[in-house]
Amino acid sequence: MAAQGTLLLTVLLPLLGAVLIAMCNSKPNLRETVTLSTATLLFLLVLQLLGSDAQQTELIIARPLPGLPLSLSTEPLGLLFATVASGLWIITTIYSIGYMRGNKEQNQTRFYVFFAVSISATLGVALSANLFTLFVFYEVLTLSTYPLVTHKGTEEAKRGGRVYLGVLLSTSIGFLLLAMVWTWHAVGHLNFTPGGILQGRIEPGFLPLLLALYLFGIGKAALMPFHRWLPAAMVAPTPVSALLHAVAVVKAGVFAVLKVTVYIFGLDLLRDTGANRWLMWAAAITVILASLVALTKDNLKARLAYSTVSQLAYIVLGAMLVNSVAIIGGGMHIATHALGKITLFFCAGAIYVATHKTNISEMDGLGKSMPVTYAAMLIGSLSIIGLPLTGGLWSKWYLALGAAAAEQWAILAVFMVSSLLNVAYLLIIPIRGFFLTPPGSGQAGTIQEAPFASVLALSLTALGCIALFFFAQPLYEMMASMFERQL
Amino acid sequence: MIVVYAITALLIILGMFIAMARGLRGPTLYDRILAVNAFGSLTVLMIAVLGFLMGRPEFLDIALVYVLINFIGTIAVLKFFEYQDLGRQSSYSRRPK
Amino acid sequence: MEHHIVLRVVAKLLIPIILLFALYVQFHGDYGPGGGFQAGVIFGAGFILYALIFGLQTTKQVISPSFVHGMSGAGVLLYAGVGVISLFRGGNYLDYSVLLSDPVHGQHLGIMLIELGVGITVAFVMVSLFYAFAGYRQIELRKQGSTKQNDVAQASDADPNGKRQ
Amino acid sequence: MMLFIDIVSAVCLIGGGVFIVIGSIGLIRMPDFFTRLHAAGVCETLGAWLVLLGLLLQSGWSLVSIKLIMIFLLLVITGPTATHALAKSALHGGVKPKHLDQG
Amino acid sequence: MISAHLPALQVVIPLLAAPACVVIRQFTATWLLALSVSWISFFIALSLLWQTFHLGTISYSLGGWAAPWGIEYRVDVVNAFVLTIVSGISSVVLLYAKESIEQETHIKRIHLVYTGWLLCLTGLLGITITGDVFNVFVFLEISSLSSYLLVSLGPDRRALTAAFQYLVMGTIGATFILIGVGLLYMMTGTLNMADLAQRIPEVEHTTTVHAGFAFLVLGISLKAAVFPLHYWLPNAYTFAPSAVTAFLAGTATKVSIYLLLRFFFDIFSETFSLRTMRLDVILLILGVIAIFSMSLVAVYQQNVKRMLAYSSVAQVGYMVIGISLATATGLTAGIIHLFNHALMKGALFLALGCIVYRLNSVELKDLAGAGRRMPWTMAAFVVGGLSLIGVPATVGFISKWYLVLAALERDWWWLAFMIVASSLLAVLYIWRVVETAYFKAAPAGHIKEAPLSLLLPTWILVAANIYFGINAVDTVNFAKRAADQLLGVF
Amino acid sequence: MSTIGLYNYWIVFFLMMSGLYVVIVSTNLIKKIIGLNIFQTSVFIFYISIGKVRGGTAPILADDITLYSNPLPHVLILTAIVVGVATTALGLALIVRIHTAFNSVDEEQIYTSKDSRD
Amino acid sequence: MVAIVDFALLAGLAVWALGIVHLRSLFGAAMMFGIYSLHCALIFVVLDAVDVAFTEAAVGAGISTVLILSTLAITGAKLEVRHSRAMMPLLITGVIGAALIYASLDMPLVGDPSAPANLHVVPRYLQGSAAEINIPNVVTSVLASYRGYDTLGEVTVIFTAGIGVLCLLGRHSRKRSRRRRE
């Protein structure tokens, strides 16, 4: 009972926080205190769930349709995601306080409220016990992030918001819903079951189609050609981008992909039928193409966005390799990429707050004025690339191992090539920051580090990247337990 | 007797047809009203005859109604023409006040 | 119609006959053609004739609009009420057999009552229809200030058939 | 006796029918409104009366005959009244009788 | 004693209250009367639903005359469900009507509006509950006449022409139904639905029955605004007073759809109506065209009410598709959408009514900034809109789910895909409103949030949208049972 | 023989269609209402024709008569007539109001008037 | 005999209908309509429906005509404006007419005593009415008792129309601005 209560509270707490935040509209300090304390409390709750993982608890919230309950449960992958999301919420909040105040943004209360709501939805996604629940929270997440994306209210923001909403809603309703109904029609339930539920329930010939409906339907995983929303959403303020790229949205997407692969299809089924084959290539192409596009972007955030598209495809690719090692790699990549990418976004935001610059070509030599920021950026880039001393190494390592185990040498090559491309488009930024001289040297003196809160946040995440390198063991074990239980 | 009733009925119908032609041709509105009025009277007779023709003469009530309705209808139409207004108050009825 | 003395006299003669006839139709409906609805229309027609000849204002003094509206509702209430009474007397809705101890007489009574309800509603709705239509014209006219009487009739003759003459 | 009444009433009925037809022919053949009014009068008086008389003879003395008499009375009252009103308002409304020389 | 007579009371109570309103005249008192009567009939409907679900079909002979001779009320789960929808929507909207009607209507006529309202309710309930085809026609006319009246009371002068248009189309439809009933009567000699169902198979092959069926379908479709016959609906909904629009949108077309169901599956057999007469194909095609074309038309509307009106036509298309599938799931989808659509359109039109109350306009451009000025109203609108789109955790999702499921059961991929694709069009038009309301700067001038008496009913419906979206087990069970009953499985 | 036996119906259908034609083709609202009435009235005749029994008389019981026409269609049509007149009255009232509001009773003129198009 | 009268009257009715379609004068059409109703009533008498004839005469020729005239008086409309859009309506009516003719192919003949319409429910009315209700006019007994509920609906319909007209044309129906002017 207690565990079930915790489960429910985990999802409800951010909502409660949202209400409280809304009530503190006129008192910014109080409002932010509430946000922070909610976030901390939430993180503790999730940790407690993590601790009590011994027995799997399940909680049914409601039964919208016969045989289709809205229910939550704990499961390693979900807990990992929940931990990442709730942990990063704290840091993002700290960062947002600096960013929002530094930029004197409008409608800050609305921002915090919807942020909290979307965190709630994210936790719902993470803890959902069946595909239907996941879908519900997935849609709530889409809708609650929409006001965040269009936060600025400008024409450009609205356009971005329209693309964001359009792509995410249309893919999810157009494909994902269809795939879900199909699955339900074939199986009779949508519970996440180790080993999958589709075995023998559906014509093998239809499996690739169904899988494609799922993968493209989960628009948040940003598999090309449905990645357009991600760059479009770059109009949002930086904390929102962090939310989208690291904490919640895209992670919810790839998380859903992993869940579907492992618990709906089941690795064995996919392996036996080869349904994954061509989608694997779709993911591989996305990896390379997105990296190439990222190379051409001068706008820092746009480059980061395409980098995300590419990195997400890694995880999808990991899922499509359909072996446990690759899946573990994919799961770990959720965490490591989250930390790495959030660091980079924080840095981009910090630079924007400090200098109001958005293009990489204008950032030459900034490293000298903003050493902490740039150091963090270096660490973040290394983590994304997957070089030692950062957590990114391990996830890429396992992904590569997975490719090797699946004997997909071409995929292994794709991993290698894309890592090189990562070096080319990411590492160049700190390098330019540190080693090139700024074009107009007179400015240099006026530029300072961003507000303290922001710098604190980005340092924390950068440290986290490094920490993951040394403490990757628990992460691995957690992911591995996903398959142990299956046996 | 049935044959006599039938012949009478058919004669009346003939009359009705002719009246109908006048009604359709006009030309003035008063001609139409006249035709309608004549038609109405013929209908009354027709119903009376039909009652006998079909052996149920107690249906003459309908004929009675027709006479009344026909009269009211004609009055309404005439008033419509004189005043373009069916509810107009006449000066006569106001006088006692 | 001030110059139609003949009409006036005839109407005075006819209207009572019409109303009497309406009552006859109302209560003779069980035995011959007729019934509440027909009686109601005839009853209403009697008042309409009165209004046509003596004017709307006078008629409204004889039988006031609010009374008319009330009565048109009362007929429906009477009808539906008979049904409710049969409910209270243990029958189904509108089951007249339970109205009296003898089912056949009960039926008879029930039919008479509901026919009366129909008659009342129909008669007064007819009158209120006429009030509404004719009264609307009155207000329109008052708004325009003056009535143009005769030219209207002439103008209305300009019908294409008329031109052919 | 029955036969006699039948014959008389048959004559009345058919005679009435004929007058009605004649009247309505007049209604269509007469040149102007007022003359047509006259023709219509034939239908409403002679034709109608004869027909009603014929029926009355058939009905004997009963409720039916009372109704027939009522109809007769009403026709007698309303027919001329309506015709009168019609003529008056036609004149009032500007319909001019055609002069004889035009006819 | 009372419980045995509930079917009669269901209709008679509002019927008795209507003339009473004329007598009372005082407008608050009439409103109170109308409101309480509507709630009473709602509770009666609920108890009938309970009874039919647990105890089986109820038959009530009016006047005590047994079925084929007298008029019979026959309540099963199908019409008890529809009765609940109709009286429920009426009850909630009546709560709302007081302020709204008082603002939009002349004070001396308010009691007549409630009289009309009660008559309309009487008519709709009467159509639904009766087991006699001619009685359907009579009550259809009661509801139609009163809805023409209610529509004509709209504040804009075009309400009059809209009502007239509605009257002409509605009368043609009703007369078609009359012709159809006549043709059936001619061949079977009975008017009782159950009796007809028994006697029709003998004469099913005759051209007369075929034509009778065609006339009935045409007539009812006209009333239900099934796609090419929807001509009257957009104007009527646009110009009617807000409360009336919400009421009619939630009830009138639903009842007609119910009639279609009754005729297709109960009176005629589904093999006859759908297979022999090829209506499955015809309705499917019309439905698909409707959901796309009408949604597209809705996207281009500048008047939000008209936009929603077109969307209603599109939504009728979904129900028609559900019917045309003629499987248990398809029918369940159709029936549940009947309920869900009543909820969502009710909520949306009520929210619009709040906007009319304050802004006096429903033109899209005038809604600029409404999100900030009337946050609760617009929030209600957004939830209703999401429900229309079919976002999970709202009722709209449940409908979509079953429709898609039904399509998949028949292995009609293209249809499943079209259903989901068409709901994306709903995203387009709802989002146009949302964007205008939230992102366009509001013109100068202070506008208050709508009063609580308007907001409360709106939010009751919004809450129902969410509640029945999260907990649809009951509604689905009712709909399923209804579908089974129609298909003769149960 | 069958053609003669259906004569009533065919005339009725012709009447129905002419009524419907007037409703659809006429732009004058009053004419539309008249057309509607013709349409409905023809349906009434249709029903009554169904109920006619050859050799029967009106269904008012009398001792010496054994064959009556079918009373049920008569009952139905009595109701339908009332419905018809109710519709007519309401339609005409609407026309009157439309005339006050638009100063025309012609559909084309009304729909082309200033604010009638969105 | 009756059949001949019936034929003649129906043929006349068709002529009237054509006349109404043809007439452009609205007043003419209204008058024609009055006669049309009377004529219908005659046919009803011929077809044994005396009650219906009674009603049709009172309503069609009386009330409806008076109402149409009132409307004409208020609106002052005289001539119908014709617009050339005859094709589509002809098509629609043609199709529906064809459907009706198709329907008539399997119909029982007019006056057939063994037609289903005259067999199933009706005999009980004719035979039972005397014993159960004991009034000679079967139409009344069916109308008021067997199908009394329909009649309640009918009364409600007419009441609705009364309310509707009152609401539309009553003293307070005109817009506020006009009231102020009075």
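When the chains are written out, they are named A, B, C, D, E, F and G in that same order, and each has its own residue count from 1.
Just so we're on the same page, a residue touches a chain if its C-beta (ideal position, glycine included) is under 8 Å from a C-beta of that chain, and two chains touch if they have at least 3 such contacts.
If you're wondering where the values come from, they're calculated on a predicted model, not measured in any experiment.
Chains that count as touching both chain B and chain E, per the definition above, are C, F, G. In terms of the stated touch criterion, the partners common to chain A and chain F are E, listed by label.
When chain centres are taken as C-alpha averages, the shortest distance to the whole-protein C-alpha average belongs to E. With C-G and C-F as the two chain pairs, more C-beta contacts join C-G.
With centres defined by CA atoms alone, the chain at the far end from chain C is A. When chain centres are set by their Cα atoms, the one at the greatest distance from chain D is A.
Between the Cα centres of chain D and chain F there is a gap of 31 Å. Rounded to a whole number, the gap between the C-alpha centres of chain B and chain G is 18 angstrom. One inter-chain figure worth recording: chain E and chain F are separated by 28 Å, centre to centre, where each centre is the mean of the chain's CA atoms. One inter-chain figure worth recording: chain A and chain G are separated by 72 Å, centre to centre, where each centre is the mean of the chain's CA atoms.
For chain C, residues touching at least two other chains, in rising order: 7, 14, 25, 31-34, 37-38, 42, 45, 48, 69, 72-73, 76, 80, 83, 93-94, 96, 122, 129-130, 132-137, 140, 150, 152-153, 156-157, 159, 161. The set of chain D residues that touch two or more partner chains comprises 74, 78, 81, 85, 89, 92-93, 95. Contact with two or more other chains is made by no residue of chain A.
Working note: touching chain pairs come out as A-E, B-C, B-D, B-F, B-G, C-D, C-E, C-F, C-G, E-F, E-G, F-G. Chain G meets chain E in the complex at residues 99-100, 102-108, 115-122, 124-125, 145-150, 152-154, 156-157, 159-161, 163-164, 166-168, 170-173, 176. For chain E in complex with chain G, the residues that touch the partner chain are 15, 18-19, 22, 62-63, 65, 68-71, 106, 108-109, 112-113, 115-116, 119, 122, 126, 132, 134-135, 138-139, 141-142, 145-146, 148-149, 152-153, 179, 183, 185-191, 195, 199, 203, 206-212, 214-215.
On the side of chain C, the complex with chain G involves touching residues 25, 29-35, 37-38, 41-42, 44-45, 48, 69, 72-73, 75-76, 79-80, 83, 93-94, 96, 103-104, 107-108, 110-111, 114-115, 117-118, 121-122, 124-126, 128-130, 132-137, 139-140, 142-143, 152, 155-156, 158-161.
Those residues of chain D that touch chain C in the shared complex are 74, 77-78, 81, 84-85, 88-89, 92-95. Every residue of chain G that touches chain F in the complex is listed here, in rising order: 6-7, 10-11, 13-14, 17-18, 20-21, 26, 29-30, 33, 36-37, 40, 43-44, 47-52, 55-56, 59-60, 63-64, 67-68, 70-72, 74-75, 77, 80-83, 85-86, 88-90, 92-94, 96-97, 100-101, 104, 107, 109-113, 115, 117-118, 121-122, 125-126, 129-130, 136-139, 142-143, 147, 150-151, 153-154, 157-158, 160-162, 164-165, 168-169, 173-174.
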